[in-house]
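Here come two complexes built around chain A, the first alongside chain B, the second alongside chain C.
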Partner chain A sequence: MDFWSDFLYFFSFQDTNINNVLIGTSVLGFTCGIVSVLVVLSKKALIVDAISHAVLPGICIGFMFTGVKNPIYLSIGGMAAGAAAVYLVDWISRISRIKKDASIAISLSVLFSFGVILLNIIQHSGNSNQSGLTDFLFGKAATIIESDLYLFLAVFTLVIFILTVFYQHLKIALFDAGFAKTIGLSERLSQGLISGLVIISTAVGIQTVGIILMSALLISPASAALFWTNNFKKAILISGSFATLSSVLGVFISFLSADMPTGPWIIVVLSGFALFSAFFSKKGIITKKLRAKMDDSYNLSEKEN
Partner chain B sequence: MIKKEHSPILEVHDLTVTYDSKPALYNASFGIPKGSMVGLVGPNGAGKSTLLKALMELVPHSNGYVKFFNENLDSVRKKIAYVPQKESVDWDFPATVFDIVEMGRYGNKSLFKRLNKEDKEIAKEALAEVKMLEYADRHISELSGGQQQRVFIARALAQKADIYLMDEPFAGVDVASEKTIVNILVQLQNEGKTIFVVHHNLQTAVEYFDWMILINKNIVASGPTKDVFTPELLQKTYDGNLTTLEQIGQVIQNKQFSTRKS
Partner chain C sequence: MFDFWIILTACIIAINSSLLGSFLVLRKMSLIGDALSHSVLPGIVIAFLISGEINSFWMLIGASVFGVFAILIIDWLNRFGGFGKDSAIGIIYTLLFAIGIILITSIAKNSDIDVDCVLFGDINTVPLLPKILAIPVPTFNLLIIAVVVILTLLLGLKGFKISTFDKNHAQTLGVSITFWNYLLLGLASVSTVFSFDSVGAIMVIGLIVIPPSFANIITRKLSRFLIISASFAVSSCILGHCIAIYLDIPTVPTIGFLMGLILILTLIFQTFNKNLQQHT
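This part shows the complex of A and B:
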């Protein structure tokens, strides 16, 4: 098959398996793209990495308790572990002289190693259900089936709902936390909402890109989007669109060649968008340079006249 | 010297704030009368911003209490507007000037309600007062320091408060912005509002404020400017810091000079 027949086959949406993967990754992509704006604006990019790595032991424990690879149980385990990571980071920096960045790095590595150890124990436990659990490391987009979609859609709806209800609260708190507090907006609530949204989207998002690349899906979309707009609402929409588009392209690239992994391709495409935005958007590095040069030559020619 | 106020609009009693068990503000007690323009003056690290933050409960109190209108902050929040230092926020945030000023209206209503026409009108008026109406749709990253400060002041004006607490509103602003801000403060005072400003410039402090609080971890003095702005009290506040003292000497000379002239 040549490229164009592949292309037509893929985008004519006639293959249910492909459609499931496409819908699943797109919905997760959009969800994470939205949350990404909150992550980047609240400067929580580092802690996202700790949360996503912490999800691994959570998933393992979820599996050990139930013995089945039901995505709901695994996600619950993952969310609990994510919440534990947020608490751990906070606790370490509060009770000791260890600063926040160091306590994030400590929590991340400890929880992730713990997860890898549990993964090993499970692999040698003789439970045949465990095959495929390692897929959580780099994602397993290709194995998304229809029943997964309901979970993804539920999470998507929840994220949209929370964002709609607390839109103003979050916007004010993200811009000026001190002011937000003085007009009576609870800081604990806004912080909790942001952490909660990150944890929920991470616990399901790792199904497409995996634990190791998860933070990219929660950081890059907004980093790219913020180059294009000065409007909070538009930033959310653009960020979600970047993540969705990357998901579609990532799935398509991995469909073209059987050996190509989906998750990493999604992230490569997404990073491409982010880089392109950093250089060529209105606020991009090259655009600014070019404009400065044009202004210079304009000024020069004016002087000569 | 701490002048007792019999019915203060803001009363602070034995307020102590500590960071990592080091006191940043120690046993502060004072009261300020309604309708005054108060300058909070002291050297760097004297706890000026800390005091302001403690008034708004942005930092925890280790001891003591604060009363506005003889009540706790929580029951009178709507009557108090706080203007943080403009450096405390990220001006790359995706929002326009008007978006920020509008935020001043949310304290007065449930967050789940949308702003109505009246709220938008109030926000517009506030922007006009700081002479920034034509910048309403500008992105906030395109503003100068003085313009950023004026946007913050407009947000506070939109709150329609009775007490305004401002943290260094004149730091890093251009002359035109400083003038605009001073005029607004005077106007607010004429409307009977109380204004409480953290200020670091001694030269202008005498001019701007009718009530002054000198602070250096402790409250050194609190009272009408003419009683508080004396060489002895200033010396005590600035710990004999040489350059500052020279500045003080100059200011006091100028002050006498202008008094004689008038």
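This part shows the complex of A and C:
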């Protein structure tokens, strides 16, 4: 098959398996793209890394309790562990001299190490269900099945619901913390909401791209989007579209060649969007340089006249 | 002898990472370890593709090149590209790591580079590797790096100290902050790459951050800080390996978990003590 027949086959949506993967990654991509805006604006970019690494022990404990690889139980375990990570980072930097960046790295390595130990114990326990738990490390986008989709759609709905209900609150808290304080909006509520959304989207998002690459899915889309607009609502939409588009392209590339992994390609495309925006958007480096040059030549020609 | 090499290798890595990590933590650059340890992956794979052999010196060179490259590009994006520091780190290391995984799963499919190994490392294979002067190769390399790191830190202690704690003062004295910054990052990058090979990414991150943070809550004097940091790292490695053998679990994550546990227990104890003193 050549490229165009592959292309037609892929985008005619005949194949249910491909459709499941495509819908699954797109829904997750859009969800993470939305949450990404909150992450970048509240400068929580690196705490995502701690959360996603912490999800590993959560998933292991979820599996140890239930003995089955049900995505719902595993995600609940992951969310609990993610919340523990947020608390740990906060606690360490609150009660000691240890700075926030160090406490993020501490929580990350402790919880991930714990996860690897648990994983090892599970692998030696002889439970035949355990095979595939390591897929969480690098994502398992290619194996998304219909029952996974319901979970993803539920999370998507939840994120949209929370965002709509608390839209004004979050907007004010993110763009003008001082004003938010003056009018008595609870900072704890907004911080808690953001952390909660990050934890939820991380716990399910790692199913497509895996633990290590998860932070890209929650950092890059908004970093790219915020180069194009300053408007909160527009940023959310652009960021969501970047993430969805990357997911579609990532799935397509891995469909073209059996050797190509889905998750990493989603991230490469997404980072491509972010770097492209940094260079060529209205606020981009190259655009600014070009405009400066054009202004210069304009001024010169004016003077000559 | 088997365990001896494992413990020795872990301890050398611990000393290198915790000493360099001390300055990174004090400069609020802890997450550089995170960025570095993931960014070197494509370098390792590309060097493997060119040289065709695993565990070669070229792989380490390739990795070091990518480590330095990642640091430079993060710095550049942060300064001129309009990205926040967090975002720049987050975007670049995930991009490089993703490229590395794509290379492994597609082009370098038949290599022995194992993606799991990249994260966890496998220190238990160290004694089985070829030897130079009766020392396993990774241990030998790490020993050389340890000598370089310790000598540089001893000779340049003043420079590192002044450029870490008082930038303004350093500038008035004509000390180049950029020079010391890049010297530190260069050393950290090479040391991370060589350690990465044996203990994996996550452990390196732990060794760079946890021992210095432990020292940070105990002392404020730099010389004591460095000594506490290194000895905490070394004793955790020895104890961690013993526990791992006793419980029959892998060494590397046990050391990481143990270090974190000790740190957290110390923090709890300190807070408890403080509360007690306030009440009496």
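We take it that the second predicted complex is superposed on the first by the 305 of 305 C-alpha atoms of A that agree within 3 Å, B and C clash if a C-alpha of one lies under 4 Å from a C-alpha of the other, contacts with A are read in each partner's own complex, and residues count from 1 in each chain.
Here is the rule we go by: contacts are C-beta pairs under 8 Å (C-beta built on N, C-alpha and C of every residue); 3 or more make two chains touch, one makes a residue touch a chain.
If you're wondering where the values come from, they're calculated on a predicted model, not measured in any experiment.
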| query | Thinking of the overlay built on chain A, is A:49 touched by chain B (first), by chain C (second), by both, or by neither? | reply | second
| request: Once the structures are superposed on A, label A:184 by its partner contacts, choosing first (chain B), second (chain C), both or neither. | output: first
| message | Applying the document's definition of touch, where does A:79 land relative to chain B and chain C: first, second, both, or neither? | response | neither
| query | Between chain B and chain C, which makes contact with more of the residues in chain A? | reply | C
| task | Could you look at A:231 and tell me whether it touches chain B, chain C, both or neither (first, second, both, neither)? | result | first
| Regarding the shared-chain residue A:220, is it in contact with chain B (first), chain C (second), both, or neither? | second
| query | Between chain B (first) and chain C (second), which, if any, makes contact with A:193: first, second, both or neither? | reply | neither
| query | Which partner does A:18 contact after superposing on A: first (chain B), second (chain C), both, neither? | reply | neither
| So, does A:141 touch the first partner chain B, the second partner chain C, both, or neither? | neither
| Residues on chain A lying within both footprints (that of chain B and that of chain C) | none
| query | What part of chain A is in contact with chain B in the complex they form? | reply | 41, 165-166, 168-169, 171-172, 174-176, 178-179, 181-185, 226, 229-232, 234-235
| request: Sort out for me which residues of chain B touch chain A in the complex. | output: 53, 56-58, 74, 77, 80-82, 84, 88-90, 92-96, 99-100, 103, 106-107, 111-112, 139, 141, 155, 159
| Complex contact set, residues of chain A against chain C | 40, 43, 45-46, 48-49, 53, 88, 92, 95-99, 101-110, 112-117, 120-121, 134, 137-138, 212-213, 215-216, 219-220, 223, 227, 257, 259-261, 263-265, 267-268, 271, 274-275, 278, 283-285
| remark: Counting only contacts in the complex, chain C reaches chain A at residues 25, 28-31, 33-34, 38, 77, 80-84, 86-87, 89-92, 94-95, 97-99, 101-102, 105-106, 109, 115-116, 119-120, 202-203, 205-206, 208-210, 212-213, 216-217, 249-250, 252-257, 259-261, 263-264, 267, 270-271
